[in-house]
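Here subunit A shows up in two complexes: once beside subunit B, once beside subunit C.
After this line comes the complex of A and B, so read on.
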């Protein structure tokens, strides 16, 4: 924890009044930022400064600030979740930046995620995809014992890998086609790997893909950019699983 | 004076819940379709309740301030969920889980509620498995368990260090199924700002659409508060930035009693504060205490060198390390309950043995378990936590011990509820962390997830029927009734007032100031003089807030400063009640440590003559002293003993 102080940082931020307004970049300056400070804490400091100057602060989404809720987004210096690997924006620290640097901050730019204000976007499209089939159709109660169906260690681990998705949308924002295939495939493979989810795997894959297409997400062209920017390291191999489940479902039709 | 009736069923402890279920009323499917229920909050408690109620046939409206129900802060729970399955054959049982929870809570919880919690705990695991929660498994395919603080058995189920996330995704997927089916109407990015009562019963809420700024009204036959805890009163906590006490506080102002607000959990293993610019604290799961050993140097000169950065932890010889938890508590060692571990860390640091530049940190060392089990095993168990630690601190915990320090984590106190989880307002319920009922003065690790899901899946869906069975003749609630008009006008008036102060300081300025007062006087260690000082300083902060707050922008659009301002206004009032409650409780118990009440060897000393009560505070109006009612706690099955983990 060798703390240093960044004397001056320039922040070039996308400002947009609402979903229909035209946006533009504005540049602000902050001083004396500790390298142990997180990127979002730096934005907090900038916002306090703006309020005290009588200006409107920058609107951005954030909540847990420990990399698990998936609320924070942001494109920082051209990368979803900024210049570090396997993290969300809230886990990005100022030690990744140089004194005097100008940092460019933009919202996720995806047609299906319209800007609400400044850096805040609307990811309701993800909700709709999950509502279409991202579940196991069981009601509360009347369930057999948790150990009634053994699940192999490997299946449980593979399901857990896929289930780690936090629904942040970095995969879509990074994809040149704005495809949601990594997101959809993570849910499909999480559940298809488990006996409880296997039962309706085909129905699920079809319903979720249909909804994804309807909402205007693009196609997957296998560039693998999504996998690189995923803060939780969700593997592109899940897309192969999704394609297999989808194909099987279509053959059955 | 309002009567406190906890409605605990008669009969032997082991039969209370089953007899109660047999006796309470049930609503027919045809009538469920005519009834509406509002659920505020979509964490484990709220999402599981909303989904389960909709499955039963009720019409549910669910609200969350986040952009998706999946983001509720239950998602950040790491270590696990307890259940009395006895899968390990280590002599666990419903009774043992019940006993551990009552003892862990320092004998300040209701026996009947806790026993019910232990009884339904097993079904929670079954339910989650059926939803596709990928719990950790053994090679033979059965579920795996680990140990948590304050217990001697292994009953904690887990999904790596992301158990809360996986359980919430399970409840969220059940909720999504109902949203897709049209039985739940989901209102994300909506913040509840008031409860509406008609003829004394909860009949709806007022909420602000956080995108358009529109103030909206929603009616229902019953309202469920599942909005979590109020730990963010302290500004720095392990809570998410948006966690707030708003819904519970509005319920309090509308007549719901607030219980034991001074019972706050301070979690022993959090990443220490690094400086003034910090916005929140990050928890390192208690599960780490299974394999990590906590220590500080034995010699003060070593501690001083560490504080100045002249040496590192690995420079300190084995014999010069003080494993103070193992020394003081040989039976439980590093797995003592959270309140005990937190106070022990504070004691060492206050005595000058802290290990970082602020002197407010101790080591959590994995060297020994890496030597014993290998790095691979440790990585498989805690990999994501180690990665999280390294990203925040820039230190590799495989090579150097973690630095940890206690931080505000959970609030055992909350809205008063009876055995049916109904508040003192008819038709208004509180579940999960938002209520006070199950954890007494200290919550055991891995029990929050258990309680949230118990309430949502297996308790509320039964007990709410007993109330709603009498409401089947009530038509759809008229949201144009004068009560709704009045409430909406009050809410708008309050927002206008915040907007129109036009002072000079942002909401965060007051929040930080409040947090410091609370940490200094209403934190880990409390005394009469300090609490009185806190009450005075909180009043000063309140006066300054309403004079000098600045909220930029307008009300009718996204306005995050306005959201914060409203929450801080609530926190200031809540802080006052917390300090009053702490002052009134003249004993040490669990997380509530009064310096006036300690044993000869420095442990918390309960006063069972005066302390076996639940406080239930009644709101008496703006600037009026609140009134405390007392619900006596009766222990019919457990003998009260001074807690010992030695």
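After this line comes the complex of A and C, so read on.
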């Protein structure tokens, strides 16, 4: 893909002082952006410009910038992680935008993810759900022989697919109900499929769902939008697994 | 079963199970109604309606059906209210078209339309048959019964507006089912990557059968009379 230069881009960014302040959009203009620039690099360039002009830079989350940490967020032109499939915002490039375009950037808007400042949101709620999930029983001693634990190929693959969740929160951000079911289901079905996680499977499903409800996430209505926007392509088949695990756990009670 | 009823999956479980029940009711309802268009004398439909009105099993199921409707609606209101509360500040720009179907995002609105249709539908027929008891009697094969055929056929023959409302109701119900059928299975956990495609296919077929099946009846009376 040959590099092109976008002569002018307008960025309409949500500015909000803190979690309680009322925010509003500010529109900035950036010039001469290469199509090979990543979206976050474009924001870096814009921030440099703002600093030089003596203005306050835009606050946004980012860390690894290679799509594995789940720190970057952003709702770009009405979609979580912007207009591309199976990527995080840091993997989004400016070639997805047209010269002269106005790009709207909003924070993830979820009651359980309060805005810290501008585009940065507090996703501690996910950590709390993970904590509620509790421990996994592991035998101490030497490293067990891989072949000694029988796991079918299909289960190993399905567990790995679920485990690829990076906890970015795009599923909740894009869900019309702000439901965290895709995240919770990825965590629950990842461990429920493996012998190491079977022992606490029932307790885990009940505790994580209870915590999810308590934190004020919405109820899943199976629209399937989450799996489309998920940068890791986590399937909502996991949600069916979670429903099954939860209902079975409740029947056992 | 502590706090199962108040948990999100618990509430969805009731949506799903009442949904299944209502879908089975639709099939029974449609099969009896189709008798309307196979016998213009009305005897067949009157016998069908008489059977449904007197069969002890159906008499027992009727109040359960009413409870099913009420639970389905009550949970829909409660869940939707909770879901709206979960996002206190709305997005200013949202593009959901690429990620989900229109029906899946508008189940509540479709449900409201169906509810208002249901009220009209009960006033048109059930109310007159069971509460007002203003429907005349006929003799069919030696048994005396309500002339339900004249009531239903009379409405469809006399009013094009009602015909169109009933066709609209059937289509809205069909759209509701394109998402509802599959969603009920998913909530029960009876789905996976392979079965999802199959269930969605069967769900779409079911939705089309319901929409076309119920639309055919007023259409038949528009065209024939």
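By definition in this document, the second predicted complex is superposed on the first by the 239 of 253 C-alpha atoms of A that agree within 3 Å, B and C clash if a C-alpha of one lies under 4 Å from a C-alpha of the other, contacts with A are read in each partner's own complex, and residues count from 1 in each chain.
The rule is short, and it goes like this: contacts are C-beta pairs under 8 Å (C-beta built on N, C-alpha and C of every residue); 3 or more make two chains touch, one makes a residue touch a chain.
On a predicted model such as this, the values are computed, not experimentally measured, just so you know.
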| item | value |
| --- | --- |
| First (subunit B), second (subunit C), both or neither touched by A:210 | second |
| Subunit B versus subunit C as contact partner of A:111, first or second or both or neither | second |
| Superposition-derived comparison: subunit B or subunit C, residues of subunit A touched | B |
| Subunit B versus subunit C as contact partner of A:5, first or second or both or neither | neither |
| Subunit B versus subunit C as contact partner of A:71, first or second or both or neither | first |
| Contacts of A:21 with subunit B and subunit C, given as first, second, both or neither | neither |
| Subunit A to subunit C touching residues, read off their complex | 14, 25, 75, 77-79, 104, 106, 109-112, 174, 176-179, 181, 209-210, 212-213, 216-225, 228-229, 235-237, 239-247, 250, 253 |
| Touching residues on subunit C, where the partner in the complex is subunit A | 1-4, 6-13, 79, 82-83, 85-96, 98-101, 104-105, 107, 179, 182-183, 186-193, 196 |
| Residues on subunit B engaged by subunit A in the complex (per definition of touch) | 48, 51-52, 55, 66-68, 70-73, 75-76, 85, 87, 122-123, 125-132, 134-143, 159-160, 162, 165-166, 169, 172-174, 176-177, 179-180, 186, 188, 211, 240-242, 274-275, 277-280, 282-283, 356, 387-388, 391-395, 457-458, 461, 504-506, 508-509, 550, 552-553, 557-558, 560-561 |
| Subunit B partner contacts - residues on subunit A that touch it in the complex | 1-3, 18, 33-34, 36-38, 40-42, 44-45, 47-48, 50-52, 54-57, 59, 61-71, 84, 86-87, 91, 93, 95, 116-117, 120, 122-124, 126-127, 130-141, 143-147, 149-153, 156-157, 159-160, 163-164, 166-167, 190-191, 194, 196-197 |
